[in-house]
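I've put the structures underneath this note.
In what comes next, chain A is part of two complexes: it sits with chain B in the first one and with chain C in the second one.
Let's turn to the complex of A and B:
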């Protein structure tokens, strides 16, 4: 094109003006939306078990919030967050803490993100927490499990929230369950991945067992495979040779599934009683290959444990999710949805307190601090770590195969209240466990 | 005594696994002097292809044991396809470049292939447990082992022996050794080095894919499996000596049995053992256990 002639210059000018108008219109539209970043594992080993189910769960809720189709108790709260549509930026959490911190800064400083609802890995959450506080960015962790977030990394958070219980709740609930259901157990060992999640899980289960069943010995040869190693033949031999009849495991995703295949082929599940903290992520996928008869958890009342929760919100969520993704929601789906609902609850509550006007960030934070809101499967009590850490009820049970329904079901389920399994406000979980879990209401 | 036998069997099974994932890497390096990071992709594609073909096979009414053919078919399909595409489409343009550039290029290709894998198979895991279930289990020293895992030992021996015989007893192997010894003189003597490189790369790719294809029935085939494997394969190859097949075998045995002993006796140092052996070998013999000392060309 020749830009020296008049028509061409006019066309260029017109194009420039149109672009400028379009831009300003876009900016105006942007002001009417809430930009929500949703980091989750879309690639790598964390994607199938947690990342993609979490994305799916978040998508279902975000769409319903934008359309105003959420069932009760959110059916009268109108569309969007305090009336504004959510613009979701769903992106990959893979790559480790350093990359995610850079991405977090980029999203905050260059892409105008208003809040984050995401992160699955304990390692990522640990890396993001100080940066979120530094940048004063409202950040809701829906899943990551390490108790260290508010017990070591930031004991006085303002901008960071976590909307589910942490690993201490899992360990305590499991120990209570073992005490009630396996009172004569002669000892326990474990196989947990050698990183923050696996170490914290074993530590808390072990400490809780020492309090609740002090005469039951723990093995000094608990297994510590590398995360994502996929090969467990040697560990399975060691577990089968050990004299302890109970095996605790917080393996998840592909590691859990590989362990189940390899253990089943060698008769491990006939010889030992297995207790899996997060096996719910695999029960639908594995079908009859799932560890039938094992004690399992879902890190709370989620996934398969919510199958019989008969509320409009849960029934709607399960139907929409399964229609759309051709599978039932697992723990990660529920937990991510619960995180997004926290934003819905907080923005709407803050707007109501602000005379119906769109609230400021500080008003949203104030609305969520210490609040109790309805998650998909249970009530979420934001009453730990100065109102920034959630406590919910917890459930543990035995996995069985329902021949009539042709699918996995939970049996012998025990429900534990939030004040039974989570350390009280202001008390470090490890100290609480070592001190005999004082103040627990079971 | 029982524990000792179990450690030995566990160690041999894990060593066989390590050898299978490392041998292709060392073959390619031995001949082409390329540190091929896409080896992890060959493993991952082999596993996915194997899971897909096994799944498809068991949808039919064909004989159950035929499912094992799917494993080898997967390795051949993946190895031949990627061997040709990568060697002809990428590496041949880089042979005259610095080794570091080639490593970076193969690393870039590894990242690209990870995404291609996601585009083809998505993020859902694939299961192909039928061959493992089919073979059942055997008891050794009152310990139950999956027979399928024990066949891995046989496969590693066959592959190792086959490669050794191929290299030392065949005309093609002698041509290969000549190229390994001196690429330029071999070319001057009329050896088709281009063809030798292509065939070597294809064989290495098939070996990598076979590792993944054979392991697939024992794991959940899911994104990221190639990443873990490449680290282990490098450790084994470095210990044994880059480019040495006997080195890969000894390196795998050393790591496999030491790790098995650690898991049984001191499980908390399982991770440490592999890299401690590597550090020790590199400190004493930086070129690895079996790599010959290199004469410097002037």
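Let's turn to the complex of A and C:
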């Protein structure tokens, strides 16, 4: 073979081709639809317990919005977002921050997306926030837990919103719950993933405990497995040997389930009291194998905690969802649905203020900033971080198995108001916790 | 006119075409082009190694070092693209030089996997370092260019010109180098090392030089990638599957010509983008399927199409 003498034509051809693609394809967007990108975990460890239920929740709401079948209080505002049908682009969130940032740019520049409602992992949200602001793209995070998004990464957001409480709310609610229900606890340790969400969850729970139960010692050997590692043998051994009786964990999705299976096999849950921040996602999936007797949360009043909320919206959502997917909606489903509803609320409100005409992006943003709207399970108050960060009520309880009904049930549930668990507007969560949670209304 | 062969002419024409196209391209094509240039640069390094008969499953190490070196410098207040890319390239080059003393003694699967082992050490270190964002990585602000601080679309336009210019120089340089005696030694080493030694050359030194070069261009690609995307994280920069992507691109391109790596990288981006757009659940399958198809129908890569074209024209 001759390696050195190749025709210039080939290179020309290739560049010509590349250029032709570039010139011909613009970001075309039909005028009468709103293109909504919905990234969520469709593959990998984040998918089965979290990403897919979240997609399902979003799908149910998007379809109802397009058909105009949402019940009260959304039954009077007509079909679509301010009258326009949603064209949803649901795609996979896995692959890490770099891949997602690249895909974000792709979706904006190539497919003419109007808004994003999605992202589950704190890591992805942290990576997306700067690029969303740079590209001036309306982006609603329905889930992501890390407080850093509006406390460090962008303290003055314009285009990015988050429609649920963050990790500080979980830590504070959990600490209040431990104080009320385990007043004699001798100490606590933890197992949390070594990335933004895990680090922040442990930090905020630990800081809240130091305020509420200052005499209870924290372990200095908390465990930090890697996200999506799926193997917890060494961590479980370390936890079994630790002297602290309470174990705090913010593991979620597939990691959580792997940990539950591996921990149960080794008797961890008989030996220790477990506190799971996000275990509601697994109660239906695992059935009796779920950690019965553990203290669990759903990062707010979602999933199994909303089982008895008797409103038309919630009843409708649970029925449509379970008819369609043959399982009950979990936290992720509620949270994703809540994010899509924020778009519905904001577009319709902005259109009303605009004399019925389709609103501009800035008008939609203005409509959502600082607003209060009805989520599936609870009211969402967009009143933190200059109206871009939501606060909702929060619930923690103990998971039990209801023998009569043959299903999981929450017992000893405590409800916390939004102003009890979320730091007030204008103060960094860590400072608020260290300063003794001033201004909290519990 | 010894240096002005068809490849150099072709590359120069492509360079000029892309230079002007930069100002008219759709944003997403430019973005894809930037990524192709960055990945293509790494594949260029792999091509040089491959001609010597060596395959590395660990060049994400140098890609990651380049990306993280550039990104970390932005954390301490440096934002000039020239400096960041230079530093990223140099950092990788130095590491490749040091590791080269060990790696040049190995061949075949040992070489491939030792590289992988080193890259996974870097991955492990990044994942365990909370200051660098662990698995999340961190964001990289838009760079400046010798005092010029573009905004909006101009950032990518300028970065594309910047990348194109350096890639052009490096690619032509590699092409000319491969025509020199030392460059030509590549295939000799692959075919029969003992004969090379009898000719009076050190096979290990030949390999070492090529290894350092491949480290340098991988670092260059990594630094460009960090600036183009504005984010670094270990899973997309330093994990073994990233090394796999580079090998993928090299197979896809074929090692027939230096220009092939960039075409291969662009085709790779195209397949990935469209597979992800139209089959969000099965895009990995499509990517794997196209690699299989390439191996079965175009065992010498995309460049063999060009060869066939030439042969059919006689």
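A few comments on the model shown:
Here, the second predicted complex is superposed on the first by the 413 of 442 C-alpha atoms of A that agree within 3 Å, B and C clash if a C-alpha of one lies under 4 Å from a C-alpha of the other, contacts with A are read in each partner's own complex, and residues count from 1 in each chain.
The criterion applied here is as follows: a contact is a pair of C-beta atoms (placed from the backbone, for glycine too) under 8 Å apart; a residue touches a chain by one contact, two chains touch by 3 or more.
Everything numeric in this text was worked out from a predicted model, so none of it was measured.
When the two structures are aligned on the shared chain, A:235 is found in touch with chain B, with no touch to chain C.
In the superposed pair of complexes, A:43 makes contact with chain B and with chain C alike. Judged by the touch definition given at the top, the superposed model places A:195 against chain C, while chain B stays out of reach. By the touch criterion defined above, A:222 reaches chain B but does not reach chain C. Of the two partner chains placed around the shared chain by superposition, chain C is the only one that A:90 touches, whereas chain B remains out of contact.
In the superposed pair of complexes, A:153 makes contact with chain C only, with no contact to chain B.
Touch criterion not met for A:167: it reaches neither chain B nor chain C.
Once chain A of one complex is fitted onto chain A of the other, the partner contacts of A:253 are limited to chain B, with no touch recorded for chain C. When both complexes are overlaid on chain A, the residue A:110 reaches chain C alone and has no touch with chain B. Chain A is touched at more residues by one of its partners, and among chain B and chain C that partner is C. When the two complexes are laid over each other on chain A, chain A has residues 42-43, 194, 226 in contact with both chain B and chain C. By the touch criterion given at the top, residues 1, 3-12, 14-16, 18-19, 21-23, 25-27, 42-43, 90-92, 95-99, 101-103, 105-106, 109-111, 122-123, 126-127, 129-131, 134, 153, 194-196, 199, 226-227 of chain A touch chain C in their complex.
On the side of chain C, the complex with chain A involves touching residues 5-7, 9-11, 13-14, 17-18, 21, 24-33, 35, 127-128, 130, 133-137, 139, 141-142, 175, 178-179, 225, 229-237, 256-257, 259, 263, 266, 273, 276-277, 280-281, 283-284, 303, 306-307, 309-310.
Taken together, the chain B residues at the contact with chain A in this complex read 2-3, 6, 9-11, 13-14, 17, 114-115, 118, 123-125, 127, 129, 132-133, 137, 143-146, 148-149, 215, 217-220, 222-225, 227-228, 259-260, 263-264, 267-268, 270-271.
Chain contact summary for the complex, chain A toward chain B: residues 42-48, 51-52, 194, 221-226, 228-231, 233-235, 237-238, 240-241, 253-258, 261-262, 265-267, 285-286, 289.
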